[in-house]
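Below you will find the structure I want to go over with you.
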């Protein structure tokens, strides 16, 4: 019994390591710069982390089913490219809907490859990543495209003094929270991620759940691309490049496990904000810009390590220790 | 939506003795060779230059670096892992090695030791990063994907930063001739790097097929638990496998760096798809326990052949991207179908 | 232009860019196309997407393709040298469009705008205006990719003009962008967070203008010249966005490189080299600075203006 | 016409027939005890009934209507729910969510929200019925095995099942939990639910069932009211054939030279103070129910699991380390109960499987360079010795072999090491009768060559047929030792079934 208590404590520490890191980071930055802690900067951080946050929320759906989607960066670029090249004529709201639809369709393709053709999600989405980028480059003629006025205005629209990106971010979070915790689909996502065999024995349509996880992921990738594009006002060929890694990082930082079934969107949002906070802080204390990725990567690494150690503990607690554990991932 | 699942092809079918031709083709391990030939012949009328000696030499010299790196990846795929960090290792080794050797401000300017020292440094970087990956995967049982992702972010960041400390631009030039030669030197049109690639290929082939270590790698990929029960030191083997892939990345880096006479942190930044793709096209399964040196070489050949032909046709970058992606996706689908056919 | 050009008959020229990531490069590619068409030459185009190795392989396959000359816009000034060597061996003339290679024994010619000089005159105009206003200024510069000689040139040009005026202008932020939009976006946002009173801004490339507008507007800092809240704003390239910003008086001055001139020069140089001549390794494009004062008189020389006219009829 | 009618169902896997024309009936409010050895076809027939497998032939009817489930979902919809031996719960979800995971009720049909209040109330009712006193929102990962078992039952009730199948429900339960379970089953029966109860514990079957059906080698060989079936009769019907014809005699008797010596092996929550010795030419049997600590003991000896105290000696020398390699170097071989998961590489050819534990002994110590010729020769030799019938060991995949041949491969791969001690955990599980006899022969030759064998089996008669001595274990402790002369099936089963005090972990 004692051992177990000890395990649970240790497990809790590992579980909340990112939070602890966050506290330390915020504390040290605010010591180094008086400007860091003021409200306007907090808002900046949220605005800057919005697109990664939304992307990460989509990624969380996939990760919860123990899958992975490397193509989200490509989806971002493709969706916006099509928008900027073909849809500028449409009324803005219609165009926005179209963009989201593109994302959902792309996600559906991924879902099809994975559920119907049984391709491993890793290689499937790695390929669609390149196919998607290829098509997008074709659409834009590999050119930098300045977005039309309405989008720039969209980027600047504020509702009750808060940028629309913040609202988009909040709305996405609220809806996905609701879906995951309050709907049958949401709970089944967790079930499938925890144990697909048990899930299908329990009569859950596993393939369907997986499929829609990818559709949602694609859809949110498109939303995130709108947020990002409306901020920078133009899309260059490296738009959205390697965002998939940022999104996965955000999710994992937020305690979503790559082994599926554990985690949630709230954590992902936290993860996205944590990453952005570090970068923002580094700028404000005027650090050498080239160490940003290094610092961020180290934090991610710590989070991953904590997650795996935690998983190992959970295995020891849940299963009979007598069994030789199989390989993770 | 339910019909999504109902028409699923049933897994675990009992393999029939005599299969239709298309299935036998799909299941044959040298499918790629066939594809290469067919593709080449198909291309001849469209781009006749493809048959020129010049093109052959280009194809060869483009293959070599990729082969070395992809072989490292193959070793990892065999144990059912994946190593995303190879590109970062290439970059890191490139800049560190260059900074050791460079004629401008390097510690060993002019000294004959510069080249060997540089090469050692690069191999050291590769081995070290690989060792670290292995430590996390084998001992801490962290998922290879996440570990190598983190190390990738970390070291590609460090590589760029490192250069800013060592040079005013984002690359380190002025490498000793004796080093550059490895990457671009030729005798009778046969590049030196060919010998390097052959050496690596043969070595890995022998390790995989002829040694206890190699056979145990396959066993681990095939069924980790069975291996454990049969007395395979799984953790040690996995750890070592990552060191090997690190070394392969470093050797690849030597070739790339020599070829461009430049230590650059963006060298090979976007060859990840080619690395994994080559292995998968060759027939190495992501599920682990399957893989051969010759398969991967064939995979690389196919990718490069594809690349060259597309360039000769004057297709633009995006076409190359999309087509490559599609080909690799096709290979992955084929692999999945294979797995189903042989009723795994 | 000498008559023999037409006499040359048709030629195939390879144009290899590392990307079309800015309107300048896009227009550059078009200009090349237009110029080659006018001479009845064939153009083979390839983009390497910031991958030196890919570009090297592209050069080699172009050579295998027996092109008569290569115009290249490379990523890394060191890593391009083997490509030049390869071209020399096959004696295919090679010209660098707008971005010179590092020093080496390999022979090629680079058509380069005098980035430093142009930037200096551009920023000088801003400095003089600043002095006239009699106020003190807090300055920020958005720096390009430090691997790019041009980015370095523009940075140095900026300081050539600003340093002597250190009494009235204090540079409080050097923001590295690596020519990357969202890095520039968050970089600038955060810089303005650290120093909200920045009121003197220079962008190393015009492609940043829209995102700068995005950052400044919510902070109530995006106002035309003359408005007390106006931020002294200079940029570089001379694209259509820059022209629009000049016309709306949000942009005070813009360094313009003479794109059409550079495109034409590149092709001419290839022909000269094909004729066995050995022009000097650097072929400068003087360029010029367009400002609120000389906008109307000089705009016809600004390539972005013709682009702008195309767009807005 | 009975409520559930199952008529001559047949089924075979990988060409190996496991069911020949099995049929039985079940009325509502009736408890049918289904018994038989491992591999007799109990689980298969129940999996067919539960929609997990589809029969090759035969038909089933419920209340007169034909019943042909394509999936476990269909089965559930027809009111049949199957409580598998390995539980089917999601530890990361709460009890209530596990009960309704297939589809949560909504407050309004048009409002896609989980009606938390309703499932809370319903779950509370269900938990009352099974006397589980925990809040419905508890995560399943916090429940004990026994409690999880009860949640499974609640799940079955939530789908208002007409028929519930229990497959070995008591294996991982404490005595207290078992009594509670039986009360609940009785109550279900009273509510008119039909119950099929599968168990090795004939005592329980006798106590619970109204009728009994006995399966052997995939055939129904007897059924009728419980009154007609004493425990002995059940056993003899299960075993059927006379022991002698199945179990060949051994030429040489055991020697006195002790090979394996286990002293006071203890691991909390697993086994307590297990001690025994095996000498050359002896077969020692471990009998007991699942979770009694038999396999656990074996795994600890072989270094697959940690232990708190005690010692393992081979030929007087203690093992170097708690790791399979140490055990192997000391001369121990181990055939695990999970053939597919731990014994074989299913997707590798036979040859690779044979070679795996023998690579180091056929390679240069420093370089690890394999001597492929001798390795191949040995492999061939062994596959001949175990009478492996496969076309070509270099190309045929383990996956494509019958259960018996697969088991032979596992035996052969270990025999190549010429072990002094061979631990066999359920060596004949899922193996057809013919192969069983062959495996017994192999074991005998092995023993005659002077190997010491530790044999674990749930089939007591198998132990009686093969062993010189039998230890009966339960709840992690050795309860009794039987010498060959006083082997007695019932006393052994008794000993294996007596429950001492046990701390609930």
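Lettered A, B, C and D in written order, each chain numbered from 1.
Methods note: a contact is a pair of C-beta atoms (placed from the backbone, for glycine too) under 8 Å apart; a residue touches a chain by one contact, two chains touch by 3 or more.
This one's a predicted model, so the numbers in the text were calculated from it and none came from an experiment.
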item: Centroid-based (C-alpha) most distant chain relative to chain A; value: D
item: Distance from the mean Cα position of chain D to that of chain B, given in whole angstrom; value: 44
item: For chain B paired with chain C, centre-to-centre distance based on mean C-alpha positions, whole Å; value: 37
item: Chain A and chain B, separation of their C-alpha mean positions in angstrom; value: 28
item: Contacts with 2+ other chains: residues of chain D; value: 304, 342
item: Multi-chain contact sites of chain B, meaning residues that touch two or more partners; value: 164, 225, 228-229, 316-317
item: Per-residue overlap in chain A, given as positions that touch at least 2 other chains; value: 142, 324
item: Chain contact topology (line, ring, star, complete or other); value: other
item: Chains that touch, pairwise; value: A-B, A-C, A-D, B-C, B-D
item: Residue numbers on chain B that touch chain D, as the complex places them; value: 14-15, 210-213, 215-216, 218-219, 222-223, 225-233, 289, 342-344
item: Contact footprint of chain A on chain C as seen in their complex; value: 19-23, 25-26, 47, 49-50, 176, 180-182, 184-187, 189-191, 193-194, 207, 210-211, 213-214, 217-218, 241
item: Of chain A, residues touching chain B in the complex; value: 68, 113, 115-120, 122-124, 126-138, 142, 205-208, 211-212, 245, 248-249, 252, 258-259, 288, 290-294, 296-298, 300-301, 304-305, 307-309, 312, 324-329
item: Chain C residues within the chain B interface of the complex; value: 44-53, 56-58, 60-61, 63-65, 75-79, 81-82, 102, 145-147, 149, 152
item: Residue ranges of chain A in contact with chain D within the complex; value: 182-184, 187-188, 190-191, 193-195, 198-204, 261-262, 314, 317-318, 320-322, 324
